[in-house]
Structures are given as C-alpha cells and as structure tokens.
C-alpha cells in the first residue's frame, strides 16, 4: 500500500516538473516583446471594452495611444477628460480637451402622443421592424420601441420606459460611447454636448415628412414651420427636409426657440423652473417642475398651441 | 417517381380555395397610383409632370440604367401629381397619381383576343420589345426580364424553364393563366426560346394542379407548337417555385453558391411573365394590368382578378365580398414570402401576385420557447444551411462567421421559421444578418 | 384599424411544437411502460411515478427559487426525463435513490446548464450513471422477470460477461440464452430496457409522427451489429453473437430514445451518422473489454460530449455542392 502511494506521488511530481520545464522553454521561445507601457496605459483606461473610441476594446486603444506620437485625435468617451489626462501624463503626450457628451433620444412619440395604427408581431428588434416597414404608427421616422439601444448599452444607462414606450438615458451613467447611436436603425439617438450643468436645448424629433403628414401622425413632431430658425439670435438652427436641427456648438441656450415651437418639438432639459415674470403664457406652466430625464421631457407647452396652429396651418 | 429538389423543403397545406374562380376583369379605378419602383433595381425616372394627359400604355417612367424597368400608365386621364406615396409598409415611395378619365388606349396596342402565333423577330428585337414593355418577373421577385434574357458572353443557355409551380399556398393566379390562356402562354414560350436560342423548354407544374398539366399536355399533343416544349409534373413541396429549387428539380443541376441559373445553362421565367412577354412582343401591350388572387378562408368571394396596376388594394377586397370582421393580417403575396401590409390603400404593383386575408387567430405568432436543437430547421432548409446557427450569429452580429456559413445563399423562403417547434423568429434575424453580410461583401468588392 | 397585425414572413407555421414533440415521446414510451408493468407489476408504476413527479418538482423548485423565472414545466421535458430515468432503473430500487437520481438528472444534468436546450448531456443518463457509479449494488440487482423471487437476477449481459471471464466458451453459454425471449422482453434488466419489441413499437410511432428520423437509431444499432459481427466472425468462441448484442441490455432504449435526444445530438445528417456510429462502437467496446457489462449509457454520454465539436466541423450538405466559390 505504502509503495503504491510513494510511486503515485513520485510519478505525479515528476510529471509536474517535466511539464514545468517544457512550459518554461516554450514560453521563452515564443515570447513576444511588448511595450510595457501598453499594459500601464490599459490599466489607466476604464476597461469597459465598449469600442466607443473606435478601437476593438481598451487594449486596442492603449496600443494606439502608445504607438501614436500625436494622440489628440484619440478620445475615450467613457473615461472622458480625466482619463485622457491621466494617460497623457503617463505617456508624456499632449491631449485635446473635449467636452463631455451624452446620448440624446430625439423622439417624443410617446404612446399618447403618437397613435398606434397597427401591431408589430415579429421578432422584438428595431432592426427587424425597420427592415420590414414603417413601424406601428403613422410616423415612419420615430422610435420603434423594441429597445435595441438598451440591449447594446454596456453601462446600464439606457432603459425603456414602459409607460411612454420610449428609451430614457440615465445621464449619470451614460458615457457617450455611442453604442446606442449605432444600434438605432432609425438614427434617432445623437451624441450631444452635455452642456453646463447638463442644460441642453434640442429638437426632440427626426421626422422629415411634410408638416401636415407629421402633424397627423404625432402631436409633438417637428413640422418644419421654421419659426425657430427665424427666432434664433445665433443662427444655430437649420431647417432641412422639413426638420429643424439645433447645432450644439452654436446654441447659447437662450431657449427662445422653445417658446415659439408650435408643437413643442423643441425641448429644454435640466433648466431651473422659469421665473414667473418671464413671458411664459400662463403661470401654471411656469410652476410646472421641469422633468429631470432627457428623453421624454415634454415641456411642450400646450398653451402655446394657439400660435402653433397658425404656424402649422400656414405651412401645410 | 415525380421529380423534386434534393434538399429540405416543407409541406404547408395548399389552401387553393380560389382555384375554380375564372379570371374576372376588374373595373378601372377612379384614380391610379403608379409607383416608379415596382421592380428590383433602380426606380424608373419619371417622364411626366403634373397636368399631363396620358393614355393607357403611355410611358410615365423610363428605366434608370440596365437593371431597371419602364413604367407605363395603366389608365387614361390627367397626371395629378408626382409625389411620395405610402406603400404597403407606410414608407413613402415616389409614385405618379393619375385621375382617370374614360379608358382610352395608346393606338399602337393591339387589344384584340386573336392569337398571333408567328414571330419572326431577331432575338435582339424581341429583348428590346420586352424591355420597352417594362416586363419584369411577375412571380413576385420583379426582376427585369430583359436582364435575365441578356446572356453574358461566354455563357450558354441550354434550357428555358417555365415556372408554373406556384408553390405558395392560397395563390392561384398562375394556375388560372395556364388554364385560360394556355395558347398565348405557349407562344410566349416559343418567343422566349427564340430570344435565347434554345431548343428545349420545360414547364414545371406541381401535381396539385392536374388540370393544368392535362390541359397543356393536350395542346402540346396536337403538335402545333415547338417540339422542344414539354410539361414536367413535380411533387408538391415548398419552395419548389424558387428559381434554384426549380432548376434542381427539373434538371438535377444545382446552381453553385453565389452563382446564377445561367451557370448551369438554365433561364427561368414565370408563367405570368411568359404571358406578358407574348402580350409585349405580339400585341405591343406593355404591363398595365396583372392577375391578382384575392383570397382568404373567411373572405366572401375568393377571386382571381385582372387588375390595372395602381388600383388600391382595398378596392379589390371590397369587390370580393368586403373586409371580413375578423381580419388580423393582410398580406401582399403568398403566406410564406408575402409582405404583411400596414396600409391597404397601397396600390397593386407588378409584383402583387395575391392579396391574402388571414384571421387574427392565424395571424398571431405563438410564444417563443428555447431552442431545443431539434435540427428541424436544418432538415427543412432548401439551401442546406443551418438556420439555428446563422440566426444566432445574426443576433450577435458576427458577420465574418455569417459569411463562412454561407448566409448569403439564403433565399428567405421561410421554411426554417415555418418548421421551428419552438416558434423562434429564425428568418427575421437571418434576413438582417444576410443584408448586413451582403453590404460588407459589396463594400469589400468595391475596394 | 389598430388590430392590424404586421410581421415579417413567413405568415404560416407548421403544426410542430416543443410540448407536442415531448408528449409524443411520452406516448411512444407507453408500450414499453405497459410491458414493464406486465412484468414487474405495481413496482414499475411506483418507480416511474416517483421519477416523473420528482423530476417535475425539482424543475419547478429550481425555476422558482434559483433561476427565478416562470415555470418551464409546460414544455413536458421534465416528464420525458423522469420517464427515461425510471426506465433505466431496476424496478425494485429504493424510492430515495429514484428521488436522488431525479435531482441529479434535472439539477445537474439539465438546469445547471440553463434548462431545456442548453444541456450538454442527456439528463436522464446523467442521473442514471450517477446512481450506477454511486450505488452499484442497488443498481445492478434486478428482480427476476418471473417475478417470483424479487431479489436476484443478473442481466444477460452480466451473465455472459461473468461466464466469459471464467473462460467458458460461447458455445456453452448460448444454450442458456433465449434470443427470441430477449426480443420479447423476457430478460432481466432495467424497467424500460427489457421489452425490445415494445420499444421498437414506440420508435415506429416516433418515426411516423416525424419526431425522430431513422438515422440515429439505425446507425447506432447498425454499427453495433457490424462491429460485433466482425468480432464474432474473428472468433465465435470468444465473442457473442451480434444479434445478442442488439437485443441485450439497453441497446434499443438507448438507440431509439436516448441517443435521439434532440438537444444532445448533432444537427447535420452526416454529423448524426458519425455520432451514432461512435455510440455503437463504444458500446461494444465497453461490453466486450470494459469493466461494466453494459456500455450504452457511457457511450451516449461520451458521444454527447463530442456533439459541439461535430456541429462545428460537420456541416450539412449545402445546395450547389460543397466547395464554396472563390471570389
């Protein structure tokens, strides 16, 4: 019995030793030299492997950061400026400052704003639905609501709101990696400047149909009336294909466009409640607290529809 | 032993409830909406403007490039607009709308029923006439016919195959054509044979249409037509009407991956297309109408209608007994490959082979269950692919592997989804993956 | 207007469904079950009942408390696993072992992989082999088919193995073996494996219902037959008649019901053939040279492990020939 035991132990230990020696030599032979700075750089990156920088994972980004002399074109959207600064300090290279961005869902077509005209019964995927037809509502540009964007998010930052049927972005968690932007077959999601204290003004619609068609399909769609373009003192708004767009680089957050938009397609987020003496049409509106989430904020002041109707009809 | 193709296939119930309804000429609509893109390839370039007067058969859109087709007015009247009009899926596509006034035809068109057998035109002239008439594959694929007939240099056609399979359940438009216009059809075969310079023509018909097989055999037996034409009865099996499957069933040859029928010496034309070729070449009649099967289990009067292109589909349903109360889904085409419509005011186009109404109960998909790896989709796939795998790869977006697994061979016949016991939407995802893989391949080839 | 349904094609669906397939398997097992009741009496009902109920219970408990999802009992797969497990047990086994076997089959064999469709190994066999290795005595003592003395009884395979080990030539063993009786089921063994004819009947039902294809059973039994024939022809004194191998032990049960399990068999036809031949050959190898008298359970489990590999490399016959066109 004892002998068996000893033999077993001896053989196993011997095997282990031989394997260790073989492994050592193999490892020596196939060794690949790698810049140790790559590992160090990678350690400074967030490690999310989201691909938001355009490289396959953080390792790819780290390699590029080490290899390129000029890294000003490289940017980690997840870690943002602090990460880039840390990396630049370590590598001794200059880095460009970039303003933090956030994903913005540009559709206000909630279940009550946009009537469903049919039921989609295929695979629960926006890509499948978009490839098939115009969608469940009269608006063929808006959110399909199957949540492809929520499934690609690595940061748990975008969720479907079952009440509105639209995705909502959690600004705290969003890293602006752009995964949802790519996943959305309708190109509704845009990366926009986060803005001072998160304040933003944007057109919450991507519908390029003519005004009358849009109006029929959705009560908060952009009808392309052009009032905002005329109102904007900074020439930040352009109108193309019946759709207004606010250039975040030019917008100075004066919010004049929000007030003139007849359908409430232009929204403002994270602004403090307007003071009562401002030219708000009714005090009820001013008292209304502004919603904190970006996507479905409907500051669409119903009171302004009066001017709206005129503008809209003129256009139609 | 009846012939059929080698791999896969399924056996849906055929439900040919409208098979005894003779083709009925449907009224000219009050307004016609004629889309400029009714075929595969580039949409036609509009050739009229608002206010123009047009006659039936006048060109209103000219082919844009090689793979495209002419569009003709199907009515006489005044053009009221050239605009983006919602199609069956609510997507806006360019179309010409015409307010109908009377029914005046372009004088060049021979509208009589007399059969003209003689055709002495050169192949080139025949193809030019077919192109001018805007003939496209009327089986539903709507591929421009003149492109199919233009044999690339170095390739040789040995056989013309006429597709009278109509393997889609419910549809009977081709079947009625074979019964009611057999002689014109056979002249069409002769014209196509002449255009291609072939001596052999096979008409493939499934054995669930014995009357059509008998009728065509009787006429051929009289010896009036080319001796190279014969009817091949086929064992009923979906998707035998697929071009590649039909060639395999009749000749035993399989088109290689990424290849065309011409690579195995065959050209396939649908029965409806062949009839349209006869009309175009012998009668100068462009495609202004087509036979549409309007059917459904609960529909009052399932019919086969000869409908002008541009007629709203809702009008057809009205004429066949009205919309039944319990209608869940309205399908443009057959139940296996047709498109469910969100907008039934969309017009009939060259590709509309049928309008099928399904009950709500039949329309809804059953709840998905986990894949049990039963391999039924693998056994059913007529292209020898692994649907369970490529569906999953599509979901994951692994396009390199999709290419290796030959996803681009998929003919989107729907056998996999049909047969899946777990009710998985296999084809929904495969279609996505296929489209994306094709895009990647094309981008690479463009480099 | 709003009830209009839009979905991608196809708009038709065949009449197959997972519960229907599983129910068909259960129906196909009824003849064999009836036969074992006929032979073993109420104890067969008792063991099968316990196995099915405990499989269902464990599946429900795991769904409810560990995976925290809706119950998956509706797919009937737990019933199938329970029945198959019971069929692989002796009729006089202790109920506690049946329950333990069910827990291993469902818990480790199936649910630990994520439930139906994801398991690598046939759950019923995982349960069976666990019991066989842990409780070899209880698992190999079968009640006599005569039903008189419910203690002893060796399976024909064990009997032959023992005899061959002691050097008895085959010619002397054969008179003690009644091949016809074995086909009908008058042999000792696990509950479900005794009635070869009843199992064949169930197999024919599954073929008619298109639940299984002929490929796997035929290739398993065929390769067993061919391999055993080669040995037999080489030395008829040392090796048993190939027909004996087909009728003995769990060959029929394994070939028709266990090897054909969808989840744990390959997808392509060629792959299924490779897999089935592997099972046949390994079974004979174990029976002839292995330590255990019966080897089909191990053979199936071993080949189960190769299925992902087979699926990866053995592709179905593609349309248009096998070689992809070069760009």
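Lettered A, B and C in written order, each chain numbered from 1.
As a convention for this text, contacts are C-beta pairs under 8 Å (C-beta built on N, C-alpha and C of every residue); 3 or more make two chains touch, one makes a residue touch a chain.
For reference, the UniProt names are A = Ion-translocating oxidoreductase complex subunit B; B = Ion-translocating oxidoreductase complex subunit C; C = Ion-translocating oxidoreductase complex subunit D.
Being a predicted model, the structure only gives us computed values, none of them experimental.
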item: Pair sharing more residue contacts (C-beta pairs) when B-C is set against A-B; value: B-C
item: Chain whose average C-alpha position is farthest from subunit B's own; value: C
item: Approximate Å spacing (C-alpha centroids) for the pair subunit A, subunit C; value: 52
item: Centroid spacing, where centroids are CA-atom means, of subunit B and subunit C in whole angstrom; value: 48
item: Whole-Å separation of chain centres (CA-atom averages), subunit A against subunit B; value: 42
item: Residues of subunit C engaged with two or more neighbouring chains; value: 3-8
item: For subunit B, residues that touch 2 or more chains besides their own; value: 89, 339-340, 342, 363-365, 425, 428, 431
item: Residue list for subunit A, restricted to those that touch at least two other chains; value: 117-118, 121-123, 128, 131-133
item: Contact footprint of subunit A on subunit C as seen in their complex; value: 1-8
item: Touching residues (chain side subunit B, partner subunit A) in the complex; value: 86, 88-92, 339-340, 342, 363-365, 425, 428-429, 431-432, 435
item: Touching residues on subunit C, where the partner in the complex is subunit B; value: 3-14, 16-18, 20-21, 75, 77, 115-118, 213, 262-269, 272, 315-321, 324-325, 327
item: Footprint of subunit B on subunit A - complex, ascending; value: 117-118, 121-123, 125, 127-128, 131-135, 138, 140, 209
item: Subunit C-touching residues of subunit B, taken from the complex the two chains share; value: 6-7, 10, 12, 89, 169, 244, 248, 254-259, 327-331, 335-342, 356, 358, 360, 363-366, 369-376, 378-379, 381-386, 388-389, 406, 409, 412-415, 417-423, 425, 427-428, 431, 445
